[in-house]
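Heads up, the next two complexes both have chain A, just with different partners, chain B and then chain C.
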Partner chain A sequence: MRVEYINPFVEAAYNVLTEVLATEVKRGNLFLKSATKPVMGVAAIVGLAGEVEGRVLFDMSKATAMKIASVMNSEELTEIDDLVKATISELANMITAQAVTKLHELGFKFDLTPPALITGENMEISDQEVEALIVPMESPHGNIEINVAVRERS
Partner chain B sequence: MKTKVDFPSINQKEPDGRKPDGTPVRVLVVDDSMFVTKQIGQILTSEGFEVVATAGDGEQGVEKYKELFPNVDLVTMDITMPKMDGVTALEKIMEFDKNAKVVMISALGKQDLVKQSLLLGAKNYIVKPLDRTKVLERVVSSLE
Partner chain C sequence: MSTTTTEAKGLKETDRLKQIDFKMISFTLAGKDYGIDILKVKEIRKAGNFTKVPNTPIFVRGVDNLRGDIIPVIDLRVMFNLPAESKDAASLENIVILRLESLVLGVVVDSIEKVVGISSESIQPPHPIFGDINIQYINGVVENEGRLYIILDVDRIFGTPEAQEAPAERASEPAAPEVAQPAPGEPVVPLDLQFVGETLAAFGQFHLSPLNREWVSERLKEWKADRQAKGLDFQVTQKDEAEEFLNSFPSPYTARIWPAEVADTLAGLLAFDASSVVVWNPGCGRGQESYSVALMLQTRFPGKNYKIWASDNDLLSISTAPSLILDDDELDLSWKDYTVQAKNGLQFNSDLKAKILFEFHDVNHLNPMPEVHLAVIRDVISYLKPSDQEKLVTELTDKVRTGGYLLLGTHERLTHPEWKPVGNDTWSVYQKI
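So, the complex of A and B:
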């Protein structure tokens, strides 16, 4: 996978997280993951289809999801309820929209699916056809992994 | 303690969400995200606006507008929604009431749809992520 696909997502995640959390966010080291990888507990997934195809996953623990949603809603949220889910979906939406704007400017044409939110224990994600690049973003509320698996349509 | 006497109010500004007669500006919030609906509601009510109804998709938004009319002063309209998108819903509301005041709520990267909305009669637009200053500034300017 070409690294130029992941950079817009990392930049967008940095911009949006810094703004909505009003805090310092650090970018961790990029790593490559082969076929199967565990998912932390709350994952928002957005599909891409067009000249570029694949998916982007925003993966975090339940505790992190609740903390982030609490900050974004200015109230203490203590369970993964509909509001937390809507908030994390919206976060994924905002990051993806910003990244995609950048990719469109670079000349890549594709559409997005609405984010789907997956929650649970002991989950794994498998990408048999496309390798995934992962960039962890570190915030005082916990880490979010931006997991991007996209390729050019052959 | 007579606080009003002891502590004169230093904030003389009238809340943005009140009409000249002191009654609240009545808002219909159309958005499929519970989070965004809540966020807009909090920002607007803190300035004296009244959220009279919310709708989760464009179709419901148009229905609610017709139901409420003329007791609604402003609509905030998300662009990407299931069933009927915000641009179509805006068009239908403008057909029904050419003086409707609609503010579009957009994700980044939807410039074409925002332009189209402004041509169709939307008064203004706000790009997410939303913040208090941005929302109030755009909403107030659309009421002028």
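So, the complex of A and C:
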């Protein structure tokens, strides 16, 4: 993944999460991964198109999704209902959009697709050997793994 | 090739060597010395902050993230009921990463010492007197330089039940024969070279292969003479020794911008028909090599359009590449036209930068590249595991167009039917035929 793309995603994730959760968020070590990957329970996917092709995947456990949605909606949510799903999709949208805005300022033109949310047990994402940058974010409400796979159109 | 002839060859080479056919990583547990067969060891590292897993035996420290792979971490001291210093959770522990038949796991030990080469004949069967550790987990004991090492049988300790049930032949049949059995058709690697290769892999992440064997053999001769003059053993046993052994391996002008006359000598070996030249530069580090190639193409092949795909898997290095700060004194005067004075110091101008695309990328993953005219990959392949080395060479052969070039490290040599050497002493250049 192009070096210039890394920081916008990391910064956007940090800024948005700190703001909406109103708490301290920690970033784990970034690393590259190229393998089929299990999904923790709730996954939001935002596609990227334009000069590049790729996608951003936000992965978290159901408990984390519910806690985050509860904080963002200021009410106690205890099951994965439409409100939780809409909230997590919106969170994915906010982070990706902020990253894309930062990239626009640097002169890279990306478009993004509306987020898709997937929930369930024992799921795997397998995009054929695509190398992804993993940005682990740790919050008091649980961990979110942001999985960014972007490549140049060659 | 049978073991006996390989050993016979070793015999001729030096007298000392005839005795050394087993190597182990030595470490301490509660003040005593232990060893593990080096062939079972994947790497050593320091790590801490393991993620605890509930409902596991107390000797399981948790799981650790080894560059994306989750591996279990086991505390050998706890497992063998030995006293362990209690460290606070955040401090780093010494870990030996083992690669067994079916799993990779980390074991926590007190301190990791060095690689010890011994003769398998000198391994003696375990005696019940070494009562700290259950005798069935011990391969044997051996004395070396006044220290007594207990060699652990990691297959039996961590292996699957079937492996444990298999009749284990102890000291009478040490692991040495596995070491020296090259597949039929492969050239025989002399024993001393093989030992040095194993140590370099463990400590220097450098892997002996046909690509660098010529250099390692030459270096070994030089090394032996040098060490003998100093009255030292020629075996490479420690990390700093491995680094010293390898310090003449990197190609000239690594990690710096090539001077103009150096770039000229390389340009003289290359010719491109196409109007647009695509370059692939994996393992570019902080980008000096990529910029040097860009300057060479810019000045010595005027009128050609070019694009460089550069990548590295070290986040810190590659992050600084797009805005590399140049050392004013070291930079060749003729490159001054391509630089600009930025806030933090001298940098290359945006026209030159626009030609290079820096990526955070691991070359072992899928390389989504167009076909290239030139691949610059100096001193990178030698640091990959042998299986990955082969894979990458195949991929390079695939990705470089016919008539295109491959630039390897000065000390790397490629023998392949599709590659014709066209380089010289400084530039290890191959042309695809």
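The definition used in the following text is that the second predicted complex is superposed on the first by the 152 of 154 C-alpha atoms of A that agree within 3 Å, B and C clash if a C-alpha of one lies under 4 Å from a C-alpha of the other, contacts with A are read in each partner's own complex, and residues count from 1 in each chain.
Everything that follows uses one rule, which is that a contact is a pair of C-beta atoms (placed from the backbone, for glycine too) under 8 Å apart; a residue touches a chain by one contact, two chains touch by 3 or more.
Values in this document were obtained by computation on a predicted structure and should not be read as measured data.
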| item | value |
| --- | --- |
| Clash-or-fit label for the pair chain B, chain C on chain A | fit |
| First (chain B), second (chain C), both or neither touched by A:Ala86 | first |
| Which superposed partner A:Ile134 touches (first chain B, second chain C, both, neither) | second |
| Touched partner set for A:Arg151, first chain B, second chain C, both or neither | second |
| Partner chain in contact with A:Leu30 - chain B first, chain C second, else both or neither | second |
| Arrangement angle, chain B at one end, chain C at the other, chain A at the vertex (C-alpha, nearest 10°) | 160 |
| First (chain B), second (chain C), both or neither touched by A:Arg2 | second |
| Distance in angstrom between the closest Cα atoms of chain C and chain B, superposition on A | 25 |
| Residue ranges of chain B touching chain A (in the complex, touch as defined) | 33-36, 38-39, 42, 80, 82, 107-110, 128-129, 131 |
| Residue ranges of chain A in contact with chain C within the complex | 1-4, 6, 30-35, 128-131, 133-134, 151-152, 154 |
| In the complex with chain A, residue positions of chain C that touch it | 67-68, 313, 315, 318-319, 321-322, 357-362, 364-366, 368-370 |
| Sites on chain A touched by chain B in the complex | 16, 19-20, 69, 72-74, 82-83, 86-87, 89-90, 93-94, 97-98, 100-101, 104, 114 |
